[in-house]
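What follows is a pair of complexes built around chain A, which joins chain B in one and chain C in the other.
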Partner chain A sequence: MKFRLLTLTTLAAAGIATGTAGSAFAADTVKLGYQLPLTGDTAQYGQDFRKAAEIALTEFNAAGKPFKVEIVFEDSRSDAKEGTNIARKFVDDKEIVGVLGDFTSGVSMAAAQVYKDAGMPQLSQTASHPDYTKISKYQFRNIATQAQEGPYNAKWMAAKGFKNVAVIAEQTDWGQSVVGGFSDAVKANGGTVAFSEFFNRGLKDYRSLISKIERAKPDAIYTGFFYEDGAQFLKQLQQLGIKTPVYSTSAAYSPKLIELAGGAAEGVHLTSNFLPTDPSPNVQHFVEEWKKRSDGAVPGQFPAQAYDAVRIMLAAVERAQPSPTREKVRDALAQTRDFPGVTGKTTFSADREAEKDLVKVEVKGGAFVPVAE
Partner chain B sequence: MNAFETVAPTDGLSRRRSWLVPALILLLVFAALPALLAGFDRGYFYQIANLALIFVLLSASMHLVTGVAGLLHLGHAAFYGVGAYTAALLTSKLGLGFTVTLPLSGLVAALVAFLVALPTMRLVSIYFAVATLAIGQMLYLVMLNWVDFTKGPNGIIVSKGFELFGVSLSGRLAAYYTVAAVVTLSVVAIGRLSHSYYGNALRSIREDDQCADAMGVSTVRLKMEAFTLSAFFAGVAGSLWAHMTGYISPGDFKFSESILILAMVVVGGLGSLPGAVIGALLLILLPEGLRALGDFRNIMVGLVMFLSILLLPKGLLGEVSALRLVRRQLGAAWRNTGPGTGKGEGIGWR
Partner chain C sequence: MFDPYYLQQLAIGLSLGMTYALMAIGFTLIFGVLNVVNFAHGEIYTLGAFAGLVLISATAPPIVAVILGALAIGALAGFSLERIAFKPFRRFTDEASLKSRAMRESTLLSSLAVSIVVREALEIVFGSQMRSVPFDYLINTPVRVGPVILVTGDFIIFGVAAAMLIGLQYLLTRTRVGLAIRAVSNNPLGAKYVGIDTDRTIITTFVVGSMMGAAAGILMGLYYGAVFPAMGFTPGIKAFVAMVMGGLSSIPGAVICALILGISESMATTFVSSGWSDMVAYGFLILTLIFFPNGLFGARRERV
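Moving on, here comes the complex of A and B:
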């Protein structure tokens, strides 16, 4: 009986695997792949990306183009094993001409090893690892790197008169690049880094870290965290009665930061390239569509990046018409110039990095408010 | 229970089956499956076959410690990681190829396991489990935080695929045969170890370590050997993974991977090598096969695991019940240890 149960499960699994493999497609439909974490520890991000992609795709297909686009979503659980499996699966599907994702740099980099050999263009909305785009000419990203954001923030803080700063960041490849990009710029501007340390993602108690920071007596604290960790940190900072100004990166730019931290988020300065309050029609259109699908919630930085990434990919597919191939889509992506997205204009540099304009933002009265200085 | 029967098959049927089954498996792994893979010629199927084989090796290596010797091991993925990092660092820093990194990965993982085992192997039951948990976390944090040496969370790109003395084996079929050969040899070695008098000595630790000790079995030494050997094979698996994916980062070796490997051993059946192999195949192939279910696939995988524990407490082919093992391991911590009771004094150590 044991054996029969096992055989049945295996057969069922095999049946499903082959069943999804070969479905015929109309010639005027172009297929794209999107690998992202729809379950697991980082599912909240992947679910947002799928929602953003669906908004972009629905608009594109409703625009009366001579061809339709379909996106195949696959769940990677932010696990490199699954990420590479999906990459092989996408590469096998001859109709897929371009891939979006993954969410974390680790999985994006592992999958990129497959896409590199297969010549499949890959555009990640969030992979921030310094070496990601160096893997091959097929890797693109739609996120401002810390090599860009760090110096921008360092200059901003120096202009505010903060010469002696503390830097903390999560212990990930991205956190490493936050500290690296920022600290170098601070030193180049003649400032000093009084303290720098990494913490593990999901840390619950920041009190010992905060007291270490305070012992170094910095003028301001620069932080590399996402909104979950950020909210914890800010709340505990407030509980300890510390008034040192806090600066952060665009990664913390999410309405959930204010939602979770409440009053503790007040006065935090950060950069962003997406403002849901921006009156320009394309931003308002995206915000409206997002609200419709999320019970009135306002989108944050990452969904906006995903929305733009999908639209940049769709525009590349359109330029690669007629009969787009992986190589033609890659070349079209590389030619992206001043793409008018909700995260500002995007141009891919020669090394396939997104060059973006940054906006300065402060939390005032429970909302993100753009500031001039 | 049936530990001794497996060593000395007596009747004619078992003797005939003793070569028939391995021959069929070899035929499947080295002829039927590659023919099937080549027929489909899909990179996806090759990828899953290779991944499943690597986890077969990880599961089989944990079987030696947890299944046969009955020691709850919660940090196995760390030794897998040590092997992978050894291969990646040797390749990226010294330019060495797979032929050299494969054995070295195993040896370095075994050496690390030996060193951390020195102070911990006298621990028993739940205390041992907690110690392995700590070892796993420590090694993971070293990979994550020793940025100068391991490149920390940035991970390492492994630029070389499989090769044998300079001959490239990175083609699809060649890579499959490489992984299959290494895994098969390792599993045979583990099989020989666990189905021998040596394996029975390990089983005696699992069944009653105090009794085994009284019979003259050197339990501490055996535990150390089993732990180190299992780390060796985990390290070999790590080398395979590093050269196969071409990029590794600490996230591949965190606690959840240890639990995944433990789940494979438990679902397959504690103490049974075929069980460990089937458990690994099940938990790698099932989530991939169920992709069509979308967001619900993990629930299905969880359901299969839950039902298998509920309905088959010994796993698919196990010798001992996982629940019994856990109950005994946990129970030891609450055993009456008061002075004068005459039993279990200083139970954390032996």
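Moving on, here comes the complex of A and C:
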């Protein structure tokens, strides 16, 4: 009798124990969403982001924290409609407490409308359109905006004595912010914008556009493009024998630019907030991890931003413990101060902008070299 | 008015038009001449470029061997494409099925499906990054002709496009194979009744057209120095527009319209923002469909 009672108590205790363990496990896994283009024309970026996110997530889950994090990746194909659908899906999943992405400003802003209504914190690694963070208090970004980069570059070019400049950019929300941010600053510094035009992303032949730019006889050309378009532009500039200096934004900062353009990339000036050659241990750690997963290739700036964005989000989730909610994660994100990332220290300002330090870089001898002026 | 600027723009337009024509020739052969709805030609083009790139990185052969390799892959791809996406729809040989437009047009979706599978497979295998072509192989050394700068590739593409055009015109108008192709296109049932092996004719056309598509792909890869899974899309659209403008079944018509398209785009860049230059192609497509439903060269279109 006594024995049986003991068994029953043990069983009951075990039952309670398993019960609690079960619910404890559920509470110990936090879900995040990541919307990014995994197929389509911009898939190369999304796939890099996923790789960077997986590095960050593996490290986080291996660090022996009291809880685990799971990231749900959804393919938006850089399509605003698709991005909005994913946003609805993420919002409907009650377990998801925070979202990363999207890649382009356009899609991020479309999805942001859904996140705004649902009160879901959204952190984009790349959306740099000035209006993105103005949508609501739930939008954050981990990239310098063109409102910051444009004036910085305008000052740099003015210091080099380029008074009369041409500016071209891709025909997107982001491209327009490149032209806007830069042109206003040039005019404010007393320079003139001799030529300003947009082209379609993925245009292969820039020769017509280049001939048109040259007709305006600018001292220098400022460009808002990504590395694919940039490489074609630079190669065709060289083909046409044009020597006008080219300046660009951090969006073109990728080792692929040099790989694709070869000698034509020599002398291009641009800004960046990530240098894979930076000797600091966290940068070198990330570069090593990246190389392991990418056949020895060096990461560009975008994967680095994604890596940092994911870690910033993870840190916010950790601060929102125990039992994080969307609101708590948002508040934790907003409190991010001096987060030590591979793209420098990140602090979110009151309007949820990441304040980044920019570095001046020039392509010399087939590599990005930091320059003082 | 005779600013060298306009001459340069004209030359750029011609060279751009040539690149469209290169793609349009094989496309028109299958889609227009054989009269088979095929939306996978862009992926054949991409496959040709990747085949060339793989060959270059594996063995660094001379450029002629690269092109031959791409042609072989193109032929294989054309054959497989026909087998997977087109042949199953011909398994009903009764008269109703052979005359059915729905049966014929269902290949729109099956070829589109194949194209999506191929593109995504390439993305999985090679990644969606742009891959660079070793610089020794590039055909874009600048060449100065008077006040105009062109590159070596412009001349090569011109030569290849001209050879393709002349060769195909000869094939279609002077040989029995060409006669069979035109017969099958005009009336598949009738062709069958007079003893033409329709299956073989269709396969031959696919193989020849896809070889041209693959050759176009590798040449454009060497010309622009970048190979990536989505590269076939834009040229496919431009080739489609050139074909429709040219009156569907006319290969010379498609080539001339490709040149018109190229020149209009580069000239349009002078007057409107470059961002609008794609409007030119779509604008032409709409104008052609409204005002010349038979295409610009449709009136002279030869129908056996």
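Rule of thumb we're sticking to: the second predicted complex is superposed on the first by the 348 of 373 C-alpha atoms of A that agree within 3 Å, B and C clash if a C-alpha of one lies under 4 Å from a C-alpha of the other, contacts with A are read in each partner's own complex, and residues count from 1 in each chain.
Keep in mind that, in the parts below, contacts are C-beta pairs under 8 Å (C-beta built on N, C-alpha and C of every residue); 3 or more make two chains touch, one makes a residue touch a chain.
If you're wondering where the values come from, they're calculated on a predicted model, not measured in any experiment.
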Query raised in the report: Is A:K89 contacted by the first partner chain B, the second partner chain C, both or neither?
Result: first
Report task. Tell me which partner A:K204 touches in the superposition: chain B (first), chain C (second), both or neither. Result -> second
Report task. With the two complexes superposed on chain A, say which partner A:G106 touches: chain B (first), chain C (second), both, or neither. Result -> first
Query raised in the report: Touch check for A:D131: first (chain B), second (chain C), both, or neither?
Result: first
Report task. Would you check which partner chain A:T223 touches, where first means chain B only, second means chain C only, and both and neither mean what they say? Result -> neither
Query raised in the report: Of the two partner chains, chain B (first) and chain C (second), which one does A:Q44 touch, if any: first, second, both, or neither?
Result: second
Query raised in the report: Which partner does A:D173 reach: the first (chain B), the second (chain C), both, or neither?
Result: first
Report summary line: Partner touching more residues of chain A, chain B vs chain C, is chain B
Report summary line: Intersected contact list for chain A, partners chain B and chain C 39-40, 171, 198, 200
Report summary line: Residue set of chain A touching chain C in the complex reads 39-41, 43-44, 47, 168, 171, 197-200, 202-205, 207-209, 211-212, 215, 227-228, 231-232, 235, 239-241, 256, 259-260, 262-263
Query - For the chain C and chain A complex, residues of the former touching the latter - result: 5, 8-9, 12-13, 15-16, 19, 120, 123, 127-130, 132, 135, 140, 142, 149, 151, 224-226, 228, 230, 233-234, 265-266, 269-270, 273-275, 277-278
Query raised in the report: For chain A, which residues count as touching chain B in their complex?
Result: 2, 6, 9-10, 12-14, 16-17, 19-21, 38-40, 74-75, 77-82, 84-85, 88-89, 91-92, 104, 106, 109-110, 112-114, 118, 129-131, 135, 171-173, 175-176, 198, 200
Requested in this report: Can you check the complex and tell me which residues of chain B touch chain A?
Outcome: 42-44, 46-48, 51, 144-145, 147, 152-155, 157, 245-249, 251-252, 278, 282, 285-295, 297-298, 304, 312, 316-317
